[in-house]
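What follows is a set of structures to go through.
Heads up, the next two complexes both have subunit A, just with different partners, subunit B and then subunit C.
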Partner chain A sequence: MRNVAILGVGQTNHARRRTDVSTIGLSREAVLRALEDADLTMDDIDSVVVCSGPVLFAAVNQPEKWLADAIGARNKPVVRVTSGGGTGLAGALAAVNQVRAGHANRVLVIAYDKLSEGALQYSISTLYDPFWGREFAVGIMGFSAAYWKSRMDLLGHSEEAAAMVSVKNHKNALLNPYAHVKKEITVEDVLNSKPLCWPIKLLDVPPISDGACAVILGSEDAAKKSENPAWIRGMAYYCEAENAAYRSMIQSEPLTIAAAKVYRQAGITNPRRQVDVVEVQEPYTCFELSYYEGLGLCPSGGAAELMASGATQIDGDIPVNPSGGCMGANPIGATALIRLAEVAQQVRGKAGAYQIEGAKVGLAQAGGGWANLRGVAVVSSEKG
Partner chain B sequence: MMNDDLERVAIVASAQTQLRSAWGSMQHVDLIGATVNDLLNGSGFRIQDIDVIIDCGSDVLDGRSISNCGFLGAMGAHHKEESRVEEDGIFGAIYGANKVSGGSADVALVIAYSKPSESSVAGYYSTLSEPFYQRPLGLDHISAAGLLANQYLTYSGASEEDLITIAFESWRKASHNKDVEMLGAPSRDDIARAVRIADPLTAPQISRNVDGAVAILIAKESVARKLSDKPVWITGIGSAIDSHYLTERVPGKMKAAETATKFALKSAGISDIKQFKLAEVSATSSANEAMVVEAMGFADFGKAINCYSENSAVSINPSGGAIPADPIMATGLVRLHEAYKQLSGGYGEVKFDKAIAHGAGGLGMQNHCVITLEA
Partner chain C sequence: MNNTFTSGIGDDAVLEAQINLPYTLTTGKAAGTFLVALDQKIILGTTCEKCQKVIVPATDYCGACGGQNVGFLEMPHSGAITAVTKVDDKVFIFVHLDGADIDLLHIFHGDLSTAKVGARVTAKWPESVEVASRITSLDGFELAKDSAVGSSKPFTGTIEPISEMPYKLSLNYKHSYGPHYGRMFDELATNQRIIGSRCSACHNVLVPPREYCDICYAQTDLYKDVSDAGKLQAFSIINLEFVGQTRTPPYVYGEVVLDGSATRLIHNIGGFDITKAKEILTIGMQVKAVWRPKDQCKGTLDDIEYFQPVFE
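So, the complex of A and B:
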């Protein structure tokens, strides 16, 4: 298979509400930053992949059609890939395949959401089956809380452990110039915060944000002109049918399938030792704990202990979300691509104030749907 | 796709439901499940042979966010790689072909579906328009088709009579297609005298929205040769988007269809479109179909009508095309399925060695995709 590299990335300054730009202005901001980072112009881009959350979030159907003019993509291939909250990574995977197939030499992936434009939990409630689910649908929180409670009982994912995730990610976000939630908090603050759907409490929940991220991927040939590309060593995006009777949510099956495939591609046999930095997409704190196990950073039931050990802190041996993760900013459709961009910057040595020294191998995780869509990627400073 | 390290890619099976004005008794999952079962039956492939599933549907038409999530079981996607391309299914076929030719998968299933009978089609198209300049005008697919048709007649010199002929031929051919529900084809007079819903277009010249699902199976060469009697090779792919704003497009022309065709021919290593004697193209109106046929290079500007005469070198839409049956997200993939069927012997005697299929998406056909096939 042909090698594929990340040549440049860009992010917007995320905010609860960006009143200064429309959806397309927001996306353009990220695109211009990615082009600048890669030292390219739109003339160098052969193809564009657009990703966003469900269109009900911002009430423009097929928004890539509108975006095309604003980013100078007219007369180029433009397609939108949607896969729930993890759509940014699903879009990056589409771009990787365009490059591998020789269909494009350089592909721009742009992921965004402008969540201030719509009613988020209402939109999410329309995920549910119109015949047997929607009448009791209340967004995604009740569903997530129920599974956390099961994991709490079976795997020991305690409220304290989840609170430590929140404290860690909030603290890391203080270092991130693009984050908009900048608040130092304590475990007690999280435990005492208002229950929204127990055990999920206010400070277990990331913000709702406007934001965009752009990543430029290219072939080995295109990467020759790049100073410090980040090589894609593995990437996959798996699903499970929500109505599969034997679906187990205690461990995310699509996550373990995706991780196994990506580790095989990347030659990783012990992620805890071989990976230098991790970015996960945590819609609630409890999910980060679950991902530790799904990604094999610790054994099943070991997440709370791993968290308490300090290993996933920015100065630990397996730092998770040094950027602050979703706690610093959460423009849903963009967050998965942000995770990929963050690990790319880490292995390129361009992560600024939260750079993990000497990071060579980065692991990114993404997810969406009813927790039934899961993506994993490994990037490295070395081609392999 | 000529490079040595890339896999040659073939279509090895396909299936579709009948295209009906309303599939009242079937939910999305029923249509999708029936199509996937039909595709696999007798194909030599099993669901466990499929590595990746690409699906093309619309949250807006389905009335459901991330609606593909609810259909994964029916697609057979459980524990597989799956992604949605929220565009006409033929764009999903490009993704599937890339995935296989780049070596990331051996077998890819591409599924497209729509049930516009349960949706507001005008709402689907008007929310597709950006909210500041075009949407407040009340533009939808019908008014956009009228505006584009007027420009086409003004700039190309084609006549209203030409457009009526294109629509007439489409309905006539569709009346022989058992996969399209028909209550008899309209006569020329019927078309000419029907209500003018978007000047200069009468109602039968605007595509009829129908419910339905379609699927194709793509495999790499070694697998295709082993399991399929008649693989049909994907030789070229191309796509391109035009300006979102109708006022910014070249009047009377579909520039993005032209660019997409050029990309496809280049990747197929074919310099002359005239090598293709079979074309299956999409359109949301008779005038749009004329513009697509011209943009692809089958006729000079304003002369698409020549392709509908008896002595035309190219056969356009023997299936009837999209005017009698437009399942919105599935329309272009139906074209690819029809082209595959022609080349693989699905209609008996194989009369063509090559085919070109076209699909489009967006208001006033903003986004275009072209795939070339060879038996």
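So, the complex of A and C:
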């Protein structure tokens, strides 16, 4: 299979509400930064993949048309990939496949959401069957909280363990220049914060953000001109049936499948030892605990212990979300691509204040839909 | 599968649903300035710093080359029609304003037969507007035979742009029940009974009933009654308030696996002191449907008021 590398990445200065730019202006900011990082211009880009969350998050339909105009993508192939919260990684996979297939030498992936414009939980509730459950939906939060409660009882994912995730990610976000939530908090603050959908409390929840991320992927040939590319060593995005018989809500089946496939591609047999840095997409703190297990960083039921051990702290042996993860900023459609961009920056040695020293192998995770879409990627400073 | 309906929901029945979403759009600088300028009877364009094209309405970025647009141009109010159509009772035209490199879409005030391509037109301004700083602050265009060809000039005034604009989407849908949902909701309303469909291969009973099993991809072959009681698989206590919410917090969101089925049903858990939900509810406990009085059942999941814990 042809090698594919990340040549450049760019992020916006995320905010609760960016009133200085329109949606396309926001996305353009990330694109210009990625082009600058890769030392390229739009003339060098062969193909564009646009990613955003569920369309009702914004009031513009077919936004890729609007966006293509603003970045000079006219007369280039443009497709839009929409796959819920994980859409950024699904889009990156589409780009990887375009390069692998020889269709394009360099592909620009843009992922964004301007969540300040719409009614978030209401529009997420429209993911439910209109006949069957929509009237009871509490966005994705009611559902996520319900299965956290189950995992709490069955796997020991306690409120305290989740609170430690929040404290860790908030603290890490202080170092991230693109994050907009900059607040040091304690476990007690999280436990005492307002219950929204118990067990989910206010400080278990990431912010609602306006933001965009752009990543430029290229062939081995294109990477020759790049000083320090991050090589894609494995990438997968899997789906499970949303209301099939005996669907397991305790361990995510598509995450397990995606991780197994990607580890095989990347030659990883012991992720805890072989991976240097991890970025997971944690829409709520409870998911980070669940992903520790799904990604094989610890055994099933071992997440709370792993969290308490300090191993996933920025100075631990398997740092998770040194960027602050979603707690620093959560522009949903962009979030998965941000996770990929962050691990790319780590293995390129460009992660600034939260650089993990000597990081060579990075693991990114993404998820979307009704928790039924899960993606995993491994990047490395070495081609393999 | 063969369907016989006991009441009103037939094969061609539809569920009429509406999604009403409020938005606060962010205009960006150029559009925000353009809209305020219209209130002052000024039509603003911009020039691309890269390809020098003159774009109307003013936009932040050039659609031709992706360049940044710089400065504002005050456009003449005159131009020529380049395209025309009639939708319902309104005539829409594309107008090539004198000096512009792109056509502007707006309403033509006049008869369709007079809106010839190439005809000269001029801006028509409203006497008053309901809401300021909208595209409707320009009423449209009307014929201006033999009008002189104008030209753009740099805009030297100052305009404080708007940055946000309220907006609403009201979406009406007609969802088809299809063969299985019609029967299922009929059973709810008529017999206060919940049905699923059985997979011909794995024999799991799937609720709501469906044509194919999601796991085996084998056809389902039988409707099966399932119990209106089952196991509480997950729950959360809702205090969150949000736009579009159909229940008043606090309440309990629950997912129930009904006895005799293999899938999850989303509903509310109630009938107990909600302030003690954390102590009363346990994962795996038995819950049972509390039905509304039969004459109030309408063939929706709301015919069940909630699921109530069963204490043994």
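Odds and ends about this structure:
The rule is simple: the second predicted complex is superposed on the first by the 384 of 384 C-alpha atoms of A that agree within 3 Å, B and C clash if a C-alpha of one lies under 4 Å from a C-alpha of the other, contacts with A are read in each partner's own complex, and residues count from 1 in each chain.
The working rule: a contact is a pair of C-beta atoms (placed from the backbone, for glycine too) under 8 Å apart; a residue touches a chain by one contact, two chains touch by 3 or more.
All of these numbers come straight from a predicted model, not from anything done at the bench.
In the superposed model, A:249 lies in contact with subunit C only, and not with subunit B.
Using the contact criterion defined above for the overlaid structures, shared-chain residue A:273 touches neither subunit B nor subunit C, since it reaches no partner.
Of the two partner chains placed around the shared chain by superposition, neither subunit B nor subunit C is touched by A:383. Within the superposed three-chain model, A:55 lies in touch with subunit B and out of touch with subunit C [touch as defined at top]. Once the two complexes are laid over each other on the shared chain, residue contacts for A:195 go to subunit C alone; subunit B is not touched. Legend: residue contacts after superposition of the two complexes on their common chain; A:183 is shown touching neither subunit B nor subunit C.
Of the two partner chains placed around the shared chain by superposition, neither subunit B nor subunit C is touched by A:224. In the superposed pair of complexes, A:69 makes contact with subunit B and with subunit C alike. In the superposition on chain A, contact of A:130 is made with both subunit B and subunit C. Put simply, subunit A uses residues 22, 24, 56, 59, 69, 73-74, 123, 126, 129-130, 241, 243-244 to touch subunit B in one complex and subunit C in the other.
Only residues 15, 17, 19, 21-29, 31, 60-67, 163-164, 167, 169, 173, 175, 177, 181, 185, 199, 202, 204, 206, 208, 213-215, 233-240, 242-247, 253-255, 262-268, 278, 282-283, 300-302 of subunit C touch subunit A when the two sit together in their complex.
Of all the residues in subunit A, the ones that touch subunit C in their complex are 17-25, 28, 42, 56, 58-59, 69-74, 114, 116-123, 125-126, 128-133, 135-139, 141-150, 153-154, 194-200, 241, 243-247, 249. Every residue of subunit A that touches subunit B in the complex is listed here, in rising order: 1-2, 22, 24, 54-56, 59-62, 64-66, 68-69, 73-84, 90, 93-94, 96-103, 123-124, 126-127, 129-130, 236-244, 253-254, 257, 368-370, 372-373.
The touching residues of subunit B, counted against subunit A in their complex, run 1, 3, 5-6, 58-60, 63-66, 68-70, 72-73, 77-87, 91, 94-95, 97-99, 101-104, 124, 127-132, 237-245, 248, 255-256, 259-260, 263, 267, 361-363, 366-367.
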